[in-house]
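So that you can tell them apart, the chains are marked A, B, C and D in the order they are listed, and the count of residues begins at 1 in each.
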């Protein structure tokens, strides 16, 4: 009976603020993408051990998003406490795929499948993940339990 | 030889501004969703004949997005002139589906498939499109030529 | 020798994220206003005891900003840990004035003097602060030590 | 009787969009700063003849804002057509000061006094305006009529 949180799992809590809401009083959907991006940013810092700033400065790479699929199930309201539950799913030669479910209490608000790639600043094209990043990600995935979609 | 632009087609040009760009000098992807939303907003005004404000005030409905699938093919840079080419694809009981391709010159920068739904402000749930909106959308689709995906 | 933090003082820490930065790699100044607004939002919750949402729902007022004076002294960079130090300065019939200094370590990054007013949702005009808000603010100011500008 | 528009005057029209509005249905004030910045950006392109991108690429300078004073007189609503009327007021060794009045019809919505400075990318400090920029700005100001504050 292992209740440990798998290594490929991460939760980031974000509160809905005035700046996120539209005239209907609910989160304007482009603002969710700032929250999703911040969740990925925080995962890199806490689990992979490299912040976006360190990726830029030390490894000269940036990790833009190349594909997102998002389903918005329920609206979110001012001051809702949103739990962004990220699961790292797959590493490719230069890509990485995440599944993020955003919940508020028992309700799932949205689900996103995000793929990003590793781009070299100088070459301005996709490159294989630097070894130090790849080995860290593979360790995370090796330790991961299988979570049903 | 009909060269007319089909009724379900709309183009909105938006220039990449300082406010859209990130430290890598390219458009930060959440900003694209503001641009995509504006494209849909402008289509409602120019083709359907109801602005978002009029939908709220006169028909008491709002049209949140419930699903988006986006592929980002190439980065966009400061002052790029982006053509957002929208194609209205399908109407459901209370939904509407668009396909938007964003191009800069010969290059496709991103592609999005967007579904939105008609929500009643008071009931706070999905309702069938008001007749005046539905008849207008059906007229647009009837006039449309078939465009391959 | 009273080292207690005066009641009219509040600090909110915010980290500079990718979403705040421009192509020069520094915070794009309009993003600072989201951070300043969030600082005021958080002060209302923690010190006045009413969140913006509760102001809307329970008291039918909103508190828009009517004047800001801002000096930007130094640039902020990705992942800087910014301390927004708010000082509540003055209450008027329907106004409230704050002084916010944003620091990173020993460096002052910016300073803002913000005035907001209490607007009634229905009347759509400035109204005197509701008694429950006014008495709370006056208690905070009465307890406050004098802080030199 | 000279009715010509003075050279130091520029107007940029921007429509209030869904993305600018808050739960009170009015423009969220941080969004005004994106509009103000865009007005300055457009003035540089059309009157000074250098876009922000060209300033970066060709002259290796950036022009961050160092001071803004803003008075918000009236709220703006979804789909309002806002006229941002910019007046270039003064050039310093490395600074530039603008006065921008935002109007909707007969109503003044806000007024901002903005000072920006010329920063060298490499030195990361304020530098005198490059000659080509200074001579252009001085020509604009020489031609300017006096406009009362």
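What we mean here is this: a contact is a pair of C-beta atoms (placed from the backbone, for glycine too) under 8 Å apart; a residue touches a chain by one contact, two chains touch by 3 or more.
What you see is a predicted model, and the numbers here were worked out from it, not measured in a lab.
Among the remaining chains, the Cα-based centre furthest from that of chain A is the centre of D. Our note on geometry: chain A versus chain C, Cα centroid distance of 30 Å, whole angstroms. Chain A and chain B, compared by their mean Cα positions, are separated by 26 Å.
For the pair chain A and chain D, the distance between C-alpha centroids works out to 37 Å.
In chain A, the positions touching at least two other chains are 18-19, 23, 28, 30, 34, 37, 56, 78.
Under the stated contact rule, the graph of chain-to-chain touches is complete, every pair of chains being in contact. In the complex of the two chains, the chain B residues touching chain D come out as 17-19, 34, 37-38, 41, 51-53, 56, 77-79. Of all the residues in chain C, the ones that touch chain B in their complex are 18-19, 21-23, 25, 28, 30, 78. Taken in their complex, chain D has these residues touching chain C: 23-24, 26, 28-31, 33-34, 37, 56, 62, 64-73, 75, 121.
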